[in-house]
Each structure stands twice: as structure tokens, then as C-alpha cells.
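Multiple structures follow.
Paired with chain B in one complex and with chain C in the other, chain A is shared by the two complexes that follow.
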Partner chain A sequence: MKCGSMDWDAAVTWTANGTDIDDSRLNGSYLVLRNVDLMQSGQYSCYEGSSWHLKYQTYLRVGTPPKEPVLMCRSNNYPKGFYCSWHLPSPTYIPNSFNISVIHGTREMVCEKDIFPKNRCHIRYLQLFSTVKYKVTLTVTNALGKNSTTLTFDEFTIVKPDPPENVVAKPVPNNPRRLEVAWQNPSSWPDPESFPLKFFLRYRPLILDQWQHVELSDGTSHTITDAYAGKEYIIQVAAKDNDIGTWSDWSVAVHATPWMEEPKHLTTEAQVTETTSTSTSSFMPPPTTKICDKGAVVGSGAVAVCWTAGLVLAAYGVLFI
Partner chain B sequence: MAAAETPSAALRRRDLCSRGIRLARKMRSDVADLLDAYVERQGLDASASVAALDGVPAAAAERWGEQTESQRLLDNLAAYRAFRALLTEMLEEQREQAAPADAALREALAAVLLQVSAFAYHLEELLRLESRGPPGEEGAGPPAGPRLGLFERKLRGLGVLRELAQWAVRSTRDLRQLAKPGPGGGGGAAAPAGPAEGQ
Partner chain C sequence: MLNVAGEISGDSWGIFAFLCAALCNLPAVPALNGTDELGAGQSIQKTYDLTRYLEHQLRTLAGTYLNYLGPPFNEPDFNPPRLARAERVPSATVDFDLWRGLTDNARLAANYRAYSRLLCYLRGLDGQAGTAELRHSLGHFCSSLQGLVVSIAGVMSSLGYPLPAGTAAGTPAPAGASASPNDFLKKMDDFWLLKELQTWLWRSAKDFNRLKKKVPPAVVTLRLEARGF
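Let's look at the complex of A and B:
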């Protein structure tokens, strides 16, 4: 760095972020920085030797040229359009500018940039059902270089709805094996009547790792009929266009426990003899229920018969073999 | 103004649309399998670009959402009649090549041709319900063009099957629009202007 208009042999002092720089870094009045790294970013100032007049000041930003950006395009609002979003795999530490081009056949399409987030833009479909692929090229440029990436895809392959919303799961009164689940179409899907979604529901008791799955071609509700009595369940739903594209991410998980009968007051002979002030005593079942053994579950329609120690509960199911 | 539809006509229309949707979805699934087999047997690159082909109805539509019922039905019928002729031509070409290993391909092609014919007939039924009646078929086959070389014919076949696959999806959407109750879909003749029909 040259110290303004100072001669090469002038006596100067350089500082970096207010700290004097050792003379060994100087070549005459020039400051020479070798093996520059990110730590050397900062304000550099040059002062005339005796008067300490500021002769030159600059802010040095150390950065890197951009690596190949990561680009993703998706349609969560088919058939209105699609969006593309991008990011850099690692920061450059200096300002970058992004330019995106979208070509469909011979036509260049406009990608309207979002205000927030800044790394996304939207394209409106001008045609539907086209066999011509879309080609999206993103170029990132900074003071040290540029890089780009290109995605080519069909109209159908990028269709991926947002997850279903407002998933609710409720027990069914007087039904210890059932849970009613209801949800709504994602609000971003513009026309579910003309472009209906199908759904995939998964559920499992918290105590087990294996999910049960149900695919539903219409409707936004389902009744689970094979829940384990008394067990808390975790339930999620995903959505997909009936004909094209891929499944959404799973919805937010909801929890529910099937209806349980109120514990009856039972009187046993042993408890009557222990009682001193009352003629009957009430028996409370233990606070925890026994975990059903996975091995006791056989076949798709089978349920385990669960026993608590020392107490026979009403049978909740029949073991089918 | 569209004529009011009788309840039985509305029911018949919805029934035809539902069955048509099922036909179209099955057809799409079979065309997808046929496409894979065709690409493999013909030694083509699945990602090869095929330019717009003469005589092959393109499924791509601008302002698809604004189409009238009539337009949808007529566009679909014209397309499937064209595909019927194109697939017949492809099948004849395959038979000429007569490689035993391609027998399965020919069978799959014949099966799709049957579905295309059935779908075209289904569309004609829908048009009759609209009291329009299907238009007459112009010419017996695809427009005669210069005789293509073997590779060009293979590429053309690829283009035909790709467009048919897109049409199968479009037809599903079109029939859903037709099945919708109300002025936008369903309900009487779809002519944009003129006297009420079919009352």
C-alpha cells in the first residue's frame, strides 16, 4: 500500500486498527502485506514520520472468491409458478452479487426477487404441461471472482407442496383403540379443488420406533383404529399432488392418547380387613401401565394383551394369529 | 349463456369425468412404463431433447386455466385422435423391424394404443352429453411427411410418447375442471356465446 503521495523514501508510520505496524513490513514508505488472511482485515492508516499528519487511510477487506453456489428450485404453489433459492457453501467475507437467469425453450423468463429473504426469487408459469425443460443459471460475483451453477428440470419434477397445516388428533369417546386425526391443505397450495392433494399419515406410540403408514387419496381426516390402548401417540401428515411431483416434508408432530375408561373402584378382601374407619376401600390401579412386548404383536390385525402385575384389566383386544 | 343441466345429465357428466380421470391416470402410468422400455430398446438417451414435431399435438398450454369447457374437450379429442394415428404408425414401424426381442415393446405399444382409442371414445361421449357431438375426423392418419431415417423415427417416437404422457396429466386436470359443479365447470353447453342448447 502506498502512503498517499509520499515519496518512497519518506519516513512514515503505518497502523492497522490503531496499532503500529513494525518497520519490517515496510518497503520504504510502502506497506507490504504477505500471505494475507482474514485476520488482516481492518483500517490501515499512514502518518508522516515527524508531524503525525494522516497521509492516507483505507479499509482493507480480506475475502475469497465465491465457491460454486447451491441452488434449489421448487413449486409449492402449482400451477401458479415456482421459486428458486440459493446460498453459498462458505462465506466470502466481502460483498457478493447474484444474477439468476431462467430459460424455457427459447424464452427467457423473469424471476422476481423477494425482498426477504434476499436469496430467493419467483417465476410465474407461462405454460403448463410443457415437455420443454427449464434451465436456471445462478451466477455469483464479487471483487475477487465469479462462479455459477445450473439446474435443468421438468415442470412436474419440482412440484412439492408445503406440509399439511393445523394437524389435530383427538381420542374418540368410548373407543380405546381409536384416534381421530384431521388436518388442512397447506395454505400455499392455491387450488386444491382443481389440483387435489393426497396425504400420507404416519403414527406410532412414543414407546415404539416403528411407524405405521396410511396413504389417503382424498379427504383431510382419518380415524386410526388400531391404536394401543392407553399409549400416547405421535402423528404426522405429508402431502403430495395427486398426479405429479414429490411428497412434502412431514407436518409438525401432534400427540394424542386414545380414550381410556375411568378406573373403577374395586374392593378386595385383603383391603377390607385393613380398613378401620370405612366399610369399603377403593383400589387405584398403579400409575404406570405395562409396556406391551413388540413380540406379542403378530400380523397386521393383531394387538397385544397387556397385563399389569397382579391385576386383570378388561381385555383390550384379541390376539390374532 | 350456458344451459341449465338436468340432474341426470349432471350425474352422467360427473360419472363420465370420474371414469375418464381413472382412464387417464392408468394411461399415464402405462405410458411412463412404455417410455422407459422404448428408450431402452431403441438405445436412446432418456434425457435427449426432442424439438417440436410436426403432427404431434403439444400438451403445453398457455392460459390453461381460462379455457372453456368446449375448448378443453375439443383440444383433448383432437389430441387423442392424433395420438391414435401416431401410435398406429409407430406400431406398424415396430412390426416392420420385427425383432423378436421387441415383442414386449410392441405389446406395450398396442396396449397404450387401445387405451388412447378408449379415451378418445370417452371424450366423444362427453361431447355428445354437451349436445355438441364430436367433430368429424379429418383424414385417416398423421400428415404425410418426408420419409425419416431410422434414428429420426426413433427420436420422433420418443417425442410422441413424451407428449402423450403430458397429455395424460393434462386430461386428468381438464376432466377435473369439467367435473366441478357451477358455471366454471360442469353444466350444459360450453359455447362462450349464443343461444342456450340442450334444454
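Let's look at the complex of A and C:
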């Protein structure tokens, strides 16, 4: 770095973020930085030797040229159009600008940039059922270089709906082996009448690893009839256009337990548990209450916590006796 | 339609649907009610099933045929510009708003015309193409496609629409009509034929989905009862 208009042999002092820089890095009045790394970003200032006049100041941003960007295009709103989104696999630490071009046969189409999220743009289909592929090229440029990537695809291959919404699973009264599952078409799918979706439902009890699957070609509900009685289930649904494209991601998981008959003897057992726990906590404090006793924290809050911990552990102990 | 625990494979379901269409050849009037609309409802469903079956068949057939044509035709990224000569093959590509606004008659007629011509061109494909197995697959596909053309004709007549004039389903192309002096250009023609056929089958699924919705609800209920739900 040159110290402004100062001569080579002038006496200067350089600082980096306010800290003086050692003379060994100087070549006359020039500051030489070798093997620059990210830690060396910052404010560099050059002061005239004796007067301490600020002669030059600059902000150094250390970055890297862009690596090949990652580009993805998808149609979650077929047949309206599709969107493309991108990101850099590793940061460059300096500002980057992105340029996206979409070519369909001989025609160049405009991909409208979304405000949110950034790094995303969308295109409306002008024609449907096209045999010509779409070619999307993303170029990322910064002060140190540029890089680009291209995707070529047919209209049908990028169709992937969003997952079904509002998945609800409920027990069925008086049916210990049933669970009623209902969901809605993803709200981003514009025309389920003409472009119907089919669904894939998977479910398993929490205690098992193996999923059971059901494929449904219409309807947005299904009754599971082979649930294990009394076991909590995890259920997910995915969607796909009936004829083209790929399956959506799995929906948010819902949990449900099939209906169980209320066993009457449980109420008396609970009462017994309560009476024994109160007596044990006063005569046999479980080991962990030592933490409460040892702790320097004194106050009603801490005491309440100790009490609850004692009660819980005592109840636990009773259950296991 | 089908509520299964994923056990019935697409193949056997498709073959069943095709056999129905091929053997019946005309829209089958179910034993419930002889109204034209009911017949149309069944026919539309059958035609839809046929397009799905054909699309499945074509995937295998196209792969084999493109391998026979050799590179670059069998490369997945092959994206050639559309030459003017290829416009002879009817294109499924259509303006979005235009497609949505098509009347039932126009929608069906477009499908009928397209498959009639595609069948012609397909029959004109190189008679000496590749292995005996490939020729057999091509022949089988042509029969299936013939079945589809007839099925569409059936839907149109049951709805009271006239068949488009000037399209004789199944007339083979005159020998040498599609032959071009250049071997590469001929291969390009074949490539585009298969591409358009595939796109048409995807489009037809959507066309028949729209047509299915036009069938009155009363007919749909009867159809469900017939299936024992």
C-alpha cells in the first residue's frame, strides 16, 4: 500500500485497526502485506512520521474469488412457472453480485428477482408442454473474479410440490387401532382441480424404526386401521403431481395415540403414590437434593425447585420398587 | 380411484387398463345405466389410464431406440435447436391461457389429430431398426397407440362431437415420404418424434384430468358404487 502521495523514503507509521504495524513490514513508506489472510481485514492508516498527520487511510477487505455457485430450480406451483435459488458453497467475505439468465430455445426469458428470500428469482411459463429444454445460467462476480454454473432441464422434470399443509391426526373414539389423518393441498399449488396431487403417507409407532406406507391417488384424508393399541405414532405426508415430477419433502410430523379405554384402577394408584412420596421426601432425601443444599443460592424459588425435584424422584423411586 | 397400500404395481394396473381399451375398442357401457354421459365418464377414465400406460411404455422404448440411434441422441443433455423440418410432427406445446380456455371438443380434437399423425410417423420409423426385440417393442407400442386413438374417438362420439376431418387413424406413411437424403437429419426427425410423443402423453394426462372434471357428479357417484366403495 502506498502512503498517499508520500515519497518512498518518507518516514511514516502505518496502523492496522489502530494498532501500530512493525517496521519490518515496510518497504520504505510502502506497506507490504504478504500471504494475506482474512484476519488482516480492517482499517489501514498511514501517518507522517513526526507530525502524525493522517496521510492515507483505506479499508482493506480480504476475500476470495467466488467458487462455483450452487443452483437449484424447481416448480412448486405448476403450471404457473418455476423458481431458481442459489448460494455460494463458501463465503467470499467481499460483496458479490449475481446475474441469472434463462434461455428457452431461442428466447431469453426474464427471471424476476424475489425480495425475500434473496438469491431467488421466479419465472412464469408462457407456454406449457414444451419439448424444448430450459437453460439457466447463474454467474457470480466479485472484485476478485467470477464463476458460473448452468442447469438444463425439461419443464416436467423440475415439478416438485411443497409438502401438504395442516396435517392433523386424531384418535377415533371407541377404536383402539385407528387413527384419522387429514391434510390440505399445499397452498402454493395453484390448480389442484386440473392438476391433481397424489399423496404418500407414512406412519410408525415411536418405539419402532420401520415406517409403513400408503399411497393415495385422491382425497386428503386417510384412516389408519392397523395401529398398535396405546402406542404413540408419528405420521407424515408427502405430495406429488399425479403424473409428472417428483415427490415433495415430508410434511411436518404429527403425533397421535389411538383411543384408549380409561382403566378405572389408575385413580387409586395415583393417590397411593402421592401419600408415599410426601413421607419419603421428609425422611429420605434423594441424592440430588444435595445440589440444592450445597448451592449458595438461597431463596424460596430454590427451595421450591428442591421440593419438586424431591417429589419427582421419590415418585420415580416408588414406581420402580 | 385407487386406494391401495402400495401393493398393486403400476405395470399390472396399466396392462389391465390397456387390455380393457384394446379388447373393448369402444367406450364400454357399464351394466348400470346406458346414458351417453355415463359412457363418456368411463371412456375418459380409460383413455386417461391408457395415456399413463403408454407414457410408461414409451420411457423404455425411447431409451432403447435412442441407444440404437447412438450418440449424441442418447445423451441426457442433448438439447438441439428445433429445425424447421421438424415442425411436421404435431407439437403439444401450447400457450398457457389458450390451453386452459380450450373447449372439450377442441381439447379432444387436438389429441385425436396429434396421435393419429404421430402413429403414422411412428409406423414410418425405420423398418429395419435395430434388433428384432426393438422392432417388436415398436410394433407393440404402435398397437397400443392405435388403441389410444380409437379410445379418444370413442369419447368424442359418446359426447356427440364429430371426428376431425382428414385424419385417417392408422394409415401408414407412404414409403420414402419421411426418408431424408441425410442420415443424420433422419435421426434428428426420429429424436423429435419421440420427444413430441412423450410430451403429448404428459399433456394428455392433464387434458383428460380436465375432461374428467366435466363429468357430472351424479355419474361419478354411480361409478364409485360400481367399484364397491
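Note that in this section the second predicted complex is superposed on the first by the 263 of 321 C-alpha atoms of A that agree within 3 Å, B and C clash if a C-alpha of one lies under 4 Å from a C-alpha of the other, contacts with A are read in each partner's own complex, and residues count from 1 in each chain.
By our rule, contacts are C-beta pairs under 8 Å (C-beta built on N, C-alpha and C of every residue); 3 or more make two chains touch, one makes a residue touch a chain.
Keep in mind the model is a prediction, meaning the values are calculated, not measured.
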Quick one: on chain A, after the overlay, do chain B and chain C clash, or do they fit? Just give me the call.
-> clash
Which partner does A:F156 reach: the first (chain B), the second (chain C), both, or neither?
-> both
For A:Y228, decide between first (touching chain B), second (touching chain C), both and neither.
-> neither
Where does A:S194 make contact in the superposed view: on chain B (first), on chain C (second), on both, or on neither?
-> both
Now for A:V132: first (chain B), second (chain C), both, or neither, which partner does it touch?
-> both
Could you say whether A:T106 touches chain B, chain C, both of them, or neither, answering first, second, both or neither?
-> second
Give one of first, second, both or neither to describe whether A:W14 is in contact with chain B, with chain C, with both, or with none.
-> neither
Of chain B and chain C, the chain that contacts the larger number of chain A residues = C
Both chain B and chain C contact which residues of chain A?
-> 79, 126-133, 156, 193-196, 242-244
Spell out the part of chain C that touches chain A in their complex, as residue ranges.
-> 1-6, 52, 55, 77, 79, 81-82, 91-96, 99-100, 192, 195-196, 199-200, 202-203, 205-206, 209-210, 213
Across the complex, what residues on chain A touch chain C?
-> 79, 105-106, 125-133, 135, 152, 156, 193-196, 213-219, 222, 242-244
Complex interface listing, chain B residues touching chain A | 25, 28, 49-50, 58-62, 64-65, 159, 162-163, 166-167, 169-170, 172-173, 176-177, 180
Mind listing the chain A positions that touch chain B in their complex?
-> 79, 126-133, 156, 193-196, 242-244
